[in-house]
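Input: one structure, supplied below.
Here the chain labels run A, B and C in written order, and each chain numbers its own residues starting at 1.
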Amino acid sequence: MITFENVDVVYPNGFKGLDNINLEIAQGEFVAIIGLSGAGKSTLIRAVNGLVPYTNGALTVGETTVNPKNKSKLRKLRSKVGMIFQQFNNVGRISVLNNVLIGRSAVTPTWRSLIGWYGAEDKEVAFQSLERVGIVDKAYNRASALSGGQQQRVAIARVLAQDPEVILADEPVASLDPPTARRVLGDLRKIQKELGITCIVNMHHLDLARDYADRIIGMRAGRVVFDGPTEEATDAVIEDVYQRSLNEEDVATSQNPSEEPAEKETV
Amino acid sequence: MSYGYKIAAALVGAVLLAAGSFLLTDAPAAESSWVFRLAMQGTALGAAIVAAGIAIYGLAYLGTSRKRAEERERLSTSRGSKGYSPDRLDMRPVKPSKFFYNMALIFVGVVFIGSAAGTGIPSGQGMSLDQFQEMPGRIWSYLVGMSQGVFQVPGEDARGDWSTAFEAMLESVAIAWIGTIIGAVLSLPCGILAARNLSPLALYIPMRFILSVIRAVPEIVFAVALFIPLLGVGPAAMGGAMAGAFALGISSIGTLSKLISEAIEGVDPGPVEAARASGATQVQVIRWAVLPQAMPEVLAIWLYRFEVNIRASAILGALGAGGIGRLIAPPNGLFGRSPYDWEAIGITFVVIIAITMVVDQISGFVRHRVIHGKRVRQKKQKKPGDDAPTDGPKAAAVPV
Amino acid sequence: MSSEVAERRATVGVKRPTGTPGTTQQRPERPKPPLSSYLGLILVAAAAFAYFWWTREDTSVLFLPLGFTTLWAPQWPLIGFLVMLGVLVFCWFTRTGPMAAFGALTVVIMSYWAGSNIYFIDRVSEVLDRLTSGNTREQLAGYFNPDWNYLFFSNVTGTSRPIWGEWLITLCMAVVATIIGCFIGLLLAMAASPVSSPNKATSQGIKALNSVIRSIPDVAWALLFAAFIGSTAYGYGALAAVLALIMFNIGIVAKLLGESIDAVNPGPIEASDAAGANLLQRDRVAVLPAVMPSFISYSLYVFELNIRASAALGVVGVAGIGGELSRQIGRMSQGYEQVGAILAALIAVVLLVDLLSMWVRRKLL
């Protein structure tokens, strides 16, 4: 589905974001990327939809090659690749429904979005996305009036409205409290399984990655240093990724044990 | 009130407005003032258009009610085909009405049409069709004249024009500076008195009222009505420049004090409370708890006013209050002796634009320095993978 | 032991008048600004003194007899120089940093230059004469005795148009100019901000255009448009005024709104990019809602400015109340009561508009 072949990213200031990445991510996989801050997790994710242009190598999503130079092709690609952000990135002053309709931008004619008159089909898709994430009752509230967890659900609904093949999530739960984080991530996992969407998620929390991901990729200094199914990601491996021993915080468990899956490794 | 009733109410309102304004075109007021007559005609026209639009929309709404119901049915059943059937269809909220919002927008539209008609421009008051047809050619020839003046190799005449314009503009800058100094000196106490957290109500309310009155009078009226009689008229040596400077100074007080009072109201109340708690007098509180917090912003506000005053001072000369305005206004510039000296006027405009922009740049730099300190202006290069984006330092909110 | 504690308490808690500095820590000195930079500043002041001496027009001189010889210096430049030195000395003793001291010195130098350029002292000393003689006093008294009858019932001199009609056309012009100008200003601000413009060249170009539009004052625009339209200076229609006000509004809105757009939260913009929106869609859904409140309040503010500005535009002869105002001012010795009435009405109208816009702002935001 997504292939990285010798992909490099060099920022204009000379900083090397990604260094010779080779990856193959299959359709319907839920991949968690772990690593310290600045290891290149976000760069990897943003390279997929061209928000960060890669400078070398080949990167393909499905059949299409990501071409950061070609704006219109990039837009077409982005319409199939949804993205969720740490700060939700909702427009605070407009309604939740309009926020979700932003996800329909690629298929809506420009004049329709300019006067804000979306077609019935688009609205139906938006409502169904909101129903999937379970906040349809807030459809006409202002996005800024919602709590953090609800805002992230709006963001997920916005991505679902794109009818995506791939969802990229950049630290989707880092600004949420642990129980909410688990619930949001669980929802994302469920929807991803139902619709067969490929999912790449950046994570800070090791335990969340272990609980929800099919596959874990560890990154350090712009390189992939670990790649394997979740079961193989033992503490020793993770310590190698982090280059230090794990502490309580890395595996911090949620405050609400009833919500946790039955099996959980403890350190 | 259901949607259909709202449409009906809007229709009735639009028809009433149209009818009322149409009747008013025959009122005695319309006899004496063509502005009123035209404005009412325009309003009637606009309201009639709106009424027609609402009527068509309402008919369409009535006619498609069955279709809409079917559509809703179709969409709600089609969702099953996607393999997902929510059992909570009723949870979907009803779209909140934006009826009054939309009505207000339409009303603004009608007011716009009425006002546009009232100015007499669409009906050709004040200019004939011939004039209108000649306009592009005239504009072109004037622009050519102006650019010839600016771009030619300066001969004897043009050099004189350049130096006259520069001297007059420097005089404008001097007027603006003195005006700003006068305004700054007076605005600080006024601003403190107009800040709710520092001054008692008995001072606050009259101060606010005085400031609003000052802000209501344009500086040009201050100059003509008050300071030209007091200080003289004409070029700088005759006192016109002083009249301009004082007019700018007094009218600066209004805006400056308002902005300063807002800056003072925005200071952190903690230190003020702490100073009060340790027994400081009001003056001590202002000196040691309020001013240290508010001073950078106050300085930025003063500098900003200097920029505004430069623009204002450039026109004061049009009335004999000194500065470069006298070169573009009658009797020396436009509408003075005909044919106008477009080359000199072009040079004057270029000098105004250039000096204004230079002063803007300098003042902008100093303001940035005052607010943000020594730190060099740096482009935020957001490195992905960093922590959450931190908000930069708050820029001084200085409207004009 | 107990005496030791008591002694320590005494050193810490209550300051003894004859403290023993040897045992306590050295107190830090207040940092002094570098002397060399202050010497530089004195040089700057001296240079300014020399320049003012060079360019002075007033030739009065101060003498300082010293017995063996007599020193002399030009009067006003010397006073200015002494003030500059005084400011520097004050800054030195308050330990002000060199940059701030330089700022203070610049303010003094600029004020001296500007004041001498506009003959500040000469003019101020004449004010009392003018107040006591001539008709200035009558004029000022006239302002406080406005002629209401004139305001409500009389016609514009020489025509059959009533005065209230001039108010109406002023309001009409303000409404039309505000709506058109703010709309164009919004578009220009969008095109000028690097956040929302298609490319860097566009944004730089539009920015330059904006600052040119903004640096030409409204009266100059009115004169320019009047010439373009081809009417005579006095008594043309509203078109020149409306066009001038539109340009004036474009400048203000584009500047203020451009700053708001620059400061817009980049998150939603990135999100709409990631959703595959094109430029127009992105600006509409992610930028416009974020700046809408400031746009509305700037528009209301601009409406208020327009009413004031149309009074100013009147002096060059465009339609509206300003034309009548300048006509009455031009009558010099007779129109004071009328001018007073118009000014009072102007203040009332602007205050009303202020209240109205405050109400709208509270309702909308």
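Couple of notes before you dig in:
In this section, contacts are C-beta pairs under 8 Å (C-beta built on N, C-alpha and C of every residue); 3 or more make two chains touch, one makes a residue touch a chain.
Model, not experiment: these values are computed from the prediction.
Located most centrally within the structure is B, per distance between chain CA means and the overall CA mean.
When the interfaces A-B and A-C are ranked by how many C-beta pairs touch across them, A-C comes first. Chain B and chain C have centres, each the mean of its CA atoms, that are 13 Å apart. Rounded to whole angstrom units, the spacing between the C-alpha centres of chain A and chain B is 43.
Taking each chain's centre as the average of its CA atoms, chain A and chain C sit 49 Å apart. The set of chain C residues that touch two or more partner chains comprises 267.
Those residues of chain A in touch with two or more other chains are numbered 87.
The multi-chain contact residues of chain B, meaning those touching 2 or more other chains, are 389.
The part of chain A that touches chain C in the complex is made up of residues 49, 51, 75-79, 81-83, 85, 87-94, 98, 101-103, 105-106, 108, 110, 113-114, 116, 155, 158-159, 162, 168.
Put simply, chain B touches chain C in their complex at residues 32-36, 39, 108, 111-112, 114-116, 118-121, 125-127, 131, 134-135, 138-139, 142, 170-171, 173-175, 177-178, 181, 212-213, 215-221, 224-226, 229-232, 236-237, 239, 241-242, 244-245, 311-312, 314-315, 318-319, 322, 325, 328-330, 333-335, 340, 349, 352-353, 356-357, 360, 366, 389, 395, 399-400. Of all residues in chain A, those touching chain B in their complex are 11, 13, 15, 17, 37-43, 46, 52, 86-87, 120-121, 124, 127-128, 131-132, 136-140, 174-175, 194. For chain C in complex with chain B, the residues that touch the partner chain are 103, 107, 110-111, 113-115, 117-120, 123-124, 126-127, 130-131, 136, 139-140, 143, 160-162, 164-166, 168-169, 171-173, 175-176, 179, 211-212, 214-220, 223-224, 226-234, 236-239, 242, 252, 256, 259, 263, 266-267, 298, 301, 305, 308-309, 311-312, 315-317, 319, 325-326, 329, 339, 343, 346-347, 350-351, 354.
The residues of chain B lying in touch with chain A in their complex are 71, 75, 79, 82-84, 86, 88, 91-93, 95-96, 381, 383-389.
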